[in-house]
Amino acid sequence: MSHLTRERISLDALLAAVASPGCGGTCIFLGTVRNGPDEHGVTAIEYSAYEEMVETEFARLLADAGTRWPDARIAVRHRLGTIAAGEASIGIAAAAPHRAQAFDACRFVIEEVKKRVPVWKKEMRVDGTEVWVDPSGRPTAKPSHV
Amino acid sequence: MSHLTRERISLDALLAAVASPGCGGTCIFLGTVRNGPDEHGVTAIEYSAYEEMVETEFARLLADAGTRWPDARIAVRHRLGTIAAGEASIGIAAAAPHRAQAFDACRFVIEEVKKRVPVWKKEMRVDGTEVWVDPSGRPTAKPSHV
Amino acid sequence: MASTTAATVRVRFFARYAELVGRSEAAVSVPLPATVRDVLHRLRDDVPGARALPEQPLAAVNLKQVRLDTSVQDGDEVALLPPIAGG
Amino acid sequence: MASTTAATVRVRFFARYAELVGRSEAAVSVPLPATVRDVLHRLRDDVPGARALPEQPLAAVNLKQVRLDTSVQDGDEVALLPPIAGG
């Protein structure tokens, strides 16, 4: 099953994918498009990706997680396209026999995604500007449609 | 709003309670009734509580979390009564501007619940026995209905 | 003990302790000053089932966990808590 | 350079890099042996917009992140990746 979607992320589907009688703890992470006081009126973020590499990188990343937490069951879905503020861009569910494994595996996946999975985002702001987000610094403003 | 319920725990309600434009990361923990290879055929767990104290203890615990993570928004719901294997007994959602706060706040709440919140569980097993769970050791088997 | 004042506290039992004692609550009177430990001693005298409780259970007074040497007042609610197993 | 063999690689640009270069891919031929860095140099000569790319971008060969001194073969897909911002 693809790790990419252009639809809303379904928490129920993620949970169903990891549910197991032996798992007593499930940790879920949702990353949502933020428009807080530190943002500059973000109405949406346009997510794009190197899609073929995203799929292979997710497969490697989940294999790595499986080596570290053999009893954990993990599902991840990243959304692409234009995502409105408040909606989720990524959902990760990790179920495990005990909660520490579930938390650690879930945290591992999101941290690795931020490092390894080739996805990019462009903020759409109320003033009409569009800004590529560079997590290594603050996004650099740029006139619209350049 | 009460932190206790006898109905199924609604993830959507927990998420709605913590959603905020300034929060880009949400961590959810679900504790579910386990019936894995280490259990002895658990069909359900009966959860009971010192209900008045649970409410005050949750209020204290959330106040503690609010001191540590002032920007986090946290919701928690504990279910009581008979909960079938596979269903959730507790749901915690923590939303925060950044993911580290969300993970840490969510983890804090479940760890504190395990220490402070007066809830007890009795395993219902396929062989008809009922066993009070003592997390300080392994549950001690006891004949049914004693 | 030559005490002129007494306190009546409501003692509540939960989960396995309620099963052991055979009831979910009891009223206990103790001469003041008194601690939770004094309440426990009086309880064992007054309520036969209470002898099955552990020597040093977790206890709460008025919805807050306390040590057994915490003092009690008239009207307090003392709760005896089996090992917590929530979540 | 007196090389008898050449490699043609497909170079892909993403996100801001696609905007900078003004296209999303290019075919580049380099004499072998060659590294990703050689591909980048040739790209700057062949595709004017490519001069706007940073000197040392993140790169992937055949869907795997690599260092710029990694060698390339004929038919490889080289991708130039802006700072990753997923999640």
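By letter and in written order, the chains are A, B, C and D; residue numbering begins at 1 in each of them.
Here is the rule we go by: a contact is a pair of C-beta atoms (placed from the backbone, for glycine too) under 8 Å apart; a residue touches a chain by one contact, two chains touch by 3 or more.
Keep in mind that what you see is a predicted model, and the values were worked out from it rather than measured.
For chain B, the chain with the farthest CA centroid is D. Centres computed as Cα averages put chain C at a distance of 76 Å from chain D. Here the spacing of chain A and chain B, counted between their Cα centres, is 25 Å.
Remark: chain A and chain D have CA centroids separated by 27 Å (rounded to whole angstrom). For this pair, chain B with chain D, the centres built from the Cα atoms lie 51 Å apart. Those residues of chain B in touch with two or more other chains are numbered 31, 110.
With touch defined as above, chain C holds no residue shared between interfaces to two or more other chains.
Two chains count as a pair here when they touch; such pairs are A-B, A-D, B-C. Put simply, chain B touches chain C in their complex at residues 31, 47-50, 52-54, 56-57, 78, 89-90, 110, 113-122, 132-136, 146. Put simply, chain C touches chain B in their complex at residues 12, 14-16, 19, 60, 63-65, 79, 81-87. Those residues of chain B that touch chain A in the complex are listed here as 11, 15, 19-38, 85-86, 97, 99, 102-103, 106-107, 110.
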